[in-house]
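So, here's a batch of structures to check.
Look for chain A in each of the two complexes below; its partner is chain B in the first and chain C in the second.
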Partner chain A sequence: MEENQNLEENTYSQEEVDRITQESIESVLKEVQYDESKVQGWINAICEKVTQQLIELGKPYKYIVHCMIMQRNGAGAFVTTSQWWDTVADGQIIISWPKDKQAKQEQQKNTLHCICSVFAVSMI
Partner chain B sequence: MDQLTTVTSFNGPLKNDVQKFVQSTLQKELDKSTYDHNDAQLKSNKICDSILKHLTTQNKNFKFIVNCLLMQKAECGLNISGSCFWDNETDGSLTIKHETEAIIGIVNVFACAL
Partner chain C sequence: MLKKPQQQNQEYQIKPKPREKFKSSKCRELIQEILQQKLKTGSYQDVTTQSKDIAENIKNRLKQQYTVTSRYKFIVHVLIGQQRGQGVRVGSKCFWDYDTDMCVSETFINDSLFCLVTVYAVYLY
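Then we have the complex of A and B:
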């Protein structure tokens, strides 16, 4: 029983990180239109919110939160990542917001696109 | 060159070496080419993989994360930000931007000490 508990405490939970990132992005970017003067503030807010909540999880991990906000103009873009780490203990989440279904439901003229990547690197 | 394989902090000579390599890789891949949606995926994978391969042969004391963004040059705004929770003395990051007539390439390298 003790061994299982230790394992849980020392590995990070993919669902938890996913939830934290989604909620942080939603809370900052819900119903906003792209505004050049405000974007810097939003992006810093997202990064700080996510990092804060990740630290509160109290797991033995180092975190890297990378956030990108792009104005929707029809331009193409590709994001790729490669990692050299421990595939068992370390992990990543990449969230693209908004998901297309969401945009259609809300009938919102989406003027921006946000891609947020969270990398968790184990310290043990 | 041998000295770089044993360093334990990313900030210093290792960072300079990585910066030069990333800049030359981006120049090689992006100069004299236009943005093609089908090709861009392969190109960004190739950039990431070649940078990662170079990093791992240089120094084994770190875990590395390489992030590459390729964007078509257009009239649109772009903001990028990163936030890291780590050990400031040993860990570090690098961001390199390379712009050509048709493409903008941005590479981030994050290194976490083992």
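Then we have the complex of A and C:
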């Protein structure tokens, strides 16, 4: 029983990370237009926000946040990942923003794409 | 009386030995080699299979180089985008052990696409 509890304390929840990443991107990129000189700052802000909140979860994990922002002009982009790790303890999340539904609604307004991948690697 | 813990001549490995450490230059060569091989005549059409192929290939080669005895975990991230003159910027932030963990990234560009491969090597204590 105790062991189970320990396990729960030490593993992170996928939903939590998903929420954190989603919110961080939303807060930074909402209602902005693509601007080459500002993109660097946005990426920095997103990565900083996500890692900060992940660390605050206080789990024994190492985190990697990878963020790409691309100007929207009809060009496509594709992300693939491949890992060699502990499939039970470790986890990854890839979030693309804006979501398909949102994109359709605000097609005119959006001038950028963002793809954010978060990897959590267990230390134990 | 409490028994004194027996002193055993045991060594615990908490850091990779220098020769076991992840070598970024070697990895860089490997990535570049595979990218040249796969994407030299590549176009953006068949990118889904292509990128999967690249990621799996790099991972398998790394697995061969660092056998089961090494305690590195590998993450291979492949990003392929269509080349249409748009602006792109990529950044990553890592929360890890600076001494043992490593990150390598390489790019490849041709007329129709750009490809960015990032490999993260994370040490398991």
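Rule of thumb we're sticking to: the second predicted complex is superposed on the first by the 118 of 124 C-alpha atoms of A that agree within 3 Å, B and C clash if a C-alpha of one lies under 4 Å from a C-alpha of the other, contacts with A are read in each partner's own complex, and residues count from 1 in each chain.
Here is the rule we use: a residue touches a chain if its C-beta (ideal position, glycine included) is under 8 Å from a C-beta of that chain, and two chains touch if they have at least 3 such contacts.
None of these values were measured; they are calculated from a predicted model.
*Asks:* Using the overlay on chain A, decide if chain B and chain C clash or can fit next to each other.
*Replies:* clash
*Asks:* Does chain B (first) or chain C (second) touch A:Arg19, or do both, or does neither?
*Replies:* Neither chain B nor chain C is touched by A:Arg19.
*Asks:* Kindly classify A:Trp85 by the partners it touches after superposition: chain B alone (first), chain C alone (second), both, or neither?
*Replies:* both
*Asks:* After the superposition on A, what does A:Lys30 contact: first (chain B), second (chain C), both or neither?
*Replies:* neither
*Asks:* So in the superposed three-chain picture, is A:Lys62 touching just chain B, just chain C, both, or none of them (first/second/both/neither)?
*Replies:* both
*Asks:* Could you pull out which residues of chain A sit against chain B in one structure and against chain C in the other?
*Replies:* 34, 36, 39-40, 43-44, 47-48, 50-51, 54-55, 62-86, 90, 92, 117, 119, 121
*Asks:* Looking at the complex, which residues from chain A come into contact with chain C?
*Replies:* 34, 36, 39-40, 43-44, 47-48, 50-51, 54-55, 62-86, 90, 92, 115, 117, 119, 121, 123-124
*Asks:* Along chain C, where are the residues that touch chain A in the complex?
*Replies:* Residue positions touching the partner: 44, 47-48, 51-52, 54-56, 58-59, 62-63, 73-97, 101, 118, 120, 122, 124-125.
*Asks:* Within their complex, state which residues of chain B touch chain A.
*Replies:* On the chain B side, the touching residues are 35, 37, 40-41, 44-45, 47-49, 51-52, 55-56, 62-87, 91, 93, 108, 110, 112.
*Asks:* Which residues of chain A touch chain B in the complex?
*Replies:* Chain A reaches chain B through residues 34, 36, 39-40, 43-44, 46-48, 50-51, 54-55, 62-86, 90, 92, 117, 119, 121.
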